[in-house]
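Look at the two complexes coming up: chain A is in both, with chain B in one and chain C in the other.
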Partner chain A sequence: MTVAPKREDYDVVVIGAGPAGLAAAATSAEAGLSTLLLDENIGPGGQVFRAISSTPVTDRNQLGADYWVGADLVQTLRASNAEVIHRATVWSLDRNLEIAVSIGGASAFVKAKRVILATGALERPFPIPGWTLPGVMTAGAAQTMLKSSALVPDGRTVIAGQGPLLWLLAAQILRLGGRIDRILDTTERGNYFAALPHAFAFLTSPYFAKGLSMMREVKAKVQVVSGVIELSASGDGQLASVSYVAGGKRETIPADLLLLHQGVVPNVNLAMAAGIEHRWDDLQLCWSPVLDASGTSSVAGIAIAGDGAGIGGANAAVVRGRIAARAAVEALAPAAATRLAPMATLRADLAKAERGRVFLDTLFRPAPQFRIPAGDTIVCRCEEVTAKDILDAVAIGATGPNQLKAYRRTGMGPCQGRLCGLTVTELMAQARGKSPQEIGYYRLRAPVKPITLAELAAVPKSEDDIKAVVRG
Partner chain B sequence: MTKNVDAIVVGGGIHGCSTALHLCLAGLKPVLIEKDYAGRHASGVNAGGVRQLARHIPEIPLSIRSMGIWEKITDLLDDDCSFESYGQVLVAENEEELAVCRARVAELNALGFTHEELIDAAELRRLVPAVADTCPGGVVSRRDGAANPAQATTAFRRKAEQLGATVREGIAATNIRHTDGLWHVDFGAESFAAPVLVNAAGAWAGTIAAALGEPVPVETVAPMLMITSRVPHFIDPVVILRGRKLSFKQFKNGTVLIGGGHLATPYRDRNETVLDWKSLATSARTVFELFPVMRSATIVRAWAGIEAKTKDDLPVFGPSSRHKGLYHQFGFSLHGFQLGPGAGAVMAELIVNGGTQTRIGDLGIDRFHPSTL
Partner chain C sequence: MFKRSEQDKRPSVQIFVDGVAVAARQGDTVSAALLASSCDARRSTAVSGAPRLPYCMMGVCFDCLVTIDGVGNRQGCLVPVAEGMQIEIQKGKREIGR
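Let's turn to the complex of A and B:
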């Protein structure tokens, strides 16, 4: 059953029920603020704790202890007075803190005194030749099926890329009896040396032991090829084989399924559409919002917590959620803030949770050839625009992603740049000899997720409906 | 150091770019200064309507002049601007509206204009089969059409530069002043001087005019547009409604652009707009009622471009009434895109020849204050 929000105005509206959003909403409600949590999925958890309340996977070892931490967060939230609505797609947020949300095919508008964006991360595009073929999907999509439906691959499966999630997924697939034929590790050799100075912090972080044992577990069962420097998928209308180059040797293997992953990046669409300033992060190679220590953005009243604030992982996301909520409480009901954990404690928690991050970011920094494609490789899937098309447009005057729209329709399809934006920025930056910051990003627009015309038509009428005609 | 040029054009919309291009064609070397990039605002993000239909009478001669250029746009720019001509149709939803249409066409005919044609229900249905059966007719302007606004504005800019215009983008023109018989404008550390200054700064032009002692009743507006996902082809001409704020255009790729003049809140100095979804819902409702085929389409994106609207909805076009060498080209009030090519040609004639054959007399800035030159 779907329900519309109970009120038109809230003290705090939290968008996204992943680790950051769950923690933020619980904290805000605990302090007595009227709190609404809007989430797109059918249940709480976001990506990390997806289907935490409903997963058919009951053996706790299979998804790992880190996953089940989510259950406590959900319990805390449920014990609070926060109003929670799932299957609620926020499609617009503006600098007046007006939120448009689609729930069960009907749109509602709510206004907040404070908004906490906890929209999380997206997988980084992995634009290799053939990445748009049926049979090629992201590791994240595979993990979604695994968590929500206990579905694992049974055909010839290749996993390619790098990063912690890749190893976690591989371990989860194997534990659930799925098939993996080969893992192609694209981590650049040089990254190991670059990451070395940051190794101490990592060794003392909780990630280290867990990561190591997971990699061992996977390597015991699957052939892992490291140092992969070239990768492509091919097939006639359907994936048939995967080719790669490693150690100076090219190999082609038959495959029914190729899972690609090279890390996650902040999901910036809603934040950018609200006018929040973002800057290029040279280490994480993505756009991150400009935030103060409490997660407050450049737009008054909007804070960002979780991976949407810059990739930090689930533990950091929980703390960032609490910090942002505490800051909202301090602003709206200072007396109630004394009930919450002190800010100093939260900041210490955050420092602990973020330990080892620089090591991971440096080690798993994706290689240029997997971020910046060439030739006929498709960059924009919605409009089928290739790397060459974009370089041709640059040659005749396109200077940035928005100007590119005058030449090619990149970013103008339904995904609004989610699958091509970073690639376009880096490709144009390289072609023009500029930094990604100078090149910029698409101007993003609501609706951040498409809504049907019928749904918009059903929105209640406004007063100035019947005015003189102005010709456009 | 000051660089001397023949003319300084402030504003890289379709008007500034077109004027710069036509000045080049006349043998002049202009500089074009744009604070963002060419086509960043209204010129690049409008509905792309190339429309003579339903225009205010004082700007019809300029519109007709422009239409001639649009029809040969590839010859001028080496770029087709995605211009296509399937006509524009004004739909009357009832007999009362049709009567207004009839009177309008008769008035135009009496003035010697023949581009608007009254059509009955049968012809309306032939042109726009998807329209609701209850509509009794309307008006068509058969040579009208649409172009891609960003592509067109960019093409004007590119061609102007190829023909010798100096283009400066990314910093606002500042310190605009008239000394020793020349106009001086700074662009960052650079300084330009010319006997001619064209104020084509769109939403920012009113500020420039006021600073030069010629205030104009002009406001900043941001008409909203939205575009749908691809739907099966069902309509060729651009459709506008007589009685409601709606314009409607399906592109070759199947996407449908819905506009009509509902306004967002502009934040001019931040280059931002905040959309009014309740007004966009009105447009959605109108489309829902009139075009059942659209009901399952999704809205993919909505936006608004920032521009200037004058009190009388007519542009400010022509020489200054106060300063020698100053020309205004702004305030196109939500209908300037189609006029861009023609206005640039006419502006170049005014600057180079001191006059033009195209009737623009009612558009001058002196309509707002008495001549002091």
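Let's turn to the complex of A and C:
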């Protein structure tokens, strides 16, 4: 489906085909608005419903009922009139709601009356010594391969970190016949007490029973070490061993694969580049956009739905997608909104889907030593900048992430800060005795994904464009 | 590091990695096919030449950069395999003109 958009103008353009984007595009199209859904992946589903239309995992129990919910969302979308383009990388979105998208090596431009960003989340950086070694990956990476290609670990495998995804992945690997040698749980002991006041909401949410049974399933088959307070990977050009400290004891175990996970954070690059205001979230320890109850951002006409609006999980993402789309319909075609679920119903659905979230956020708040590294540990994977390099730059005057670029090129490699941004903010905040909010984040600009100069040069130019840069 | 589940009945797709034929499956991304194969798929970084393999598999880390059909710096985790595709493990930075 690598064809350019059929039109130049749409009522609604949705970016990202995960739970929020699928729901938003279907809702908008159902109300009769011209709707375009752009997505970077090969097929619909985003990360949580990855490969939902093509997975070779045919035994439905192995991926679990929560995964297959995605199939219904895709079906609803396909039954609508929404135009869907996959392998479409949006590289620019501006305040005029003009979108530049790269499809099959060529860029197209579309204009929207409303944009719904559903670019979701990515895994929080896990900067431990050795995390750039081949053989160290994220848990999400392993889950992506499991869902889309039925691939499972078969060497000596260690999973380390914390959070619901870690247990889900472990259960899925075991169900598909994969190998896990040990799970290293980095949840801080103190978090259990901190989370206690929020336990009631969690106990009465659907996550509780599911989570408990999954942990039991995994613990029956794999050795789980809890209270891990130190973690590192080592090897010569390839992961060879994992070292950890738990219960006052250091242990080193041989490993071919280390899967890391300490929660997910909003993927902010496109939203920030569009100029949308974000604030530091002290509970979720990440940047979250400033939004109203319908997901509307600080830039007129742009709403954010799904985990990009602040981590809420897949169920919340679906409802947030519907809310943002309904708000767009109310603005553009109020009469058509009567066909959709009432806003009050959607808000009640959202409250239900978000139940228990504060408990999870508090319990799985990653420990400082796994967020803020020291010494020779690499912070910026692309430019290979260490924690010590950054602290040295602070010592000679670097004040924030943007100045740091001039000192050390952090965030200037191909990943554009996605894998180092949070670490740099927190590291500099700690070093300078400031809050992350005061330190700020990289100033992000288009193109938010790298495109070739040839592609940029091939973009159609007007007389005015040429006049603006040609002398004489 | 990874093995295929027996339930995977997708048709085979032949790709070439540095000229050597590798059996992938229809729907695999280039990165998944490389990780499932026995090839040494480690690229080396542009900055220090350190070896790397894919880290995130979802398009954000750029550690899966690879040369595909003569075009350098492609994100292997976002590109599906195709019959006859020529993959080159990228050593160092992208070369000018490719």
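The rule is short, and it goes like this: the second predicted complex is superposed on the first by the 463 of 472 C-alpha atoms of A that agree within 3 Å, B and C clash if a C-alpha of one lies under 4 Å from a C-alpha of the other, contacts with A are read in each partner's own complex, and residues count from 1 in each chain.
Basically, a residue touches a chain if its C-beta (ideal position, glycine included) is under 8 Å from a C-beta of that chain, and two chains touch if they have at least 3 such contacts.
As the structure is a computational prediction, the values presented were derived from the model and not from experiment.
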Quick check on the superposed pair: does A:Pro414 touch chain B, chain C, both, or neither? Answer first, second, both or neither. both
Quick check for you: in the superposed arrangement, does A:Glu123 touch first (chain B), second (chain C), both or neither? second
Once the shared chain is lined up, is A:Lys113 touching chain B (first), chain C (second), both, or neither of them? neither
For A:Pro460 in the superposed arrangement: first (chain B), second (chain C), both or neither? first
A:Lys210 in the overlay: touching chain B, chain C, both, or neither? Say first, second, both or neither. neither
Where does A:Lys434 make contact in the superposed view: on chain B (first), on chain C (second), on both, or on neither? neither
Touched partner set for A:Gln403, first chain B, second chain C, both or neither: first
In the superposed arrangement, does A:Leu257 touch chain B (first), chain C (second), both or neither? second
Return first, second, both or neither, reflecting whether A:Asp94 touches chain B, chain C, both chains, or no partner chain. first
Intersection of chain A residues contacting chain B with those contacting chain C? 413-414, 450
Report the residues of chain A in contact with chain C in the complex, numbered from low to high. 40-42, 47, 51, 54, 56-59, 87, 122-123, 132, 134-138, 140-142, 144-145, 148-155, 176-178, 237-238, 256-257, 267, 381-384, 413-415, 418-419, 450
Spell out the residues on chain C that touch chain A in their complex, using ranges where they run on. 1-10, 25, 27-29, 32, 35-36, 42, 45, 47-48, 50-63, 65, 73, 77-78, 80
List the residues on chain A that touch chain B in their complex, please. 92, 94-96, 100, 109, 275, 396-397, 399-400, 402-403, 405-407, 409, 412-414, 416, 443, 445-447, 450-454, 456-462, 464-465, 467, 469-472
For the complex, which residues does chain B have touching chain A? 37, 39-40, 44, 46-47, 49, 54, 148, 150-151, 153-154, 158, 223, 225, 227-229, 240-245, 247, 253, 259-261, 270, 272, 274-282, 284-285, 287-288, 294-303, 313, 334-335
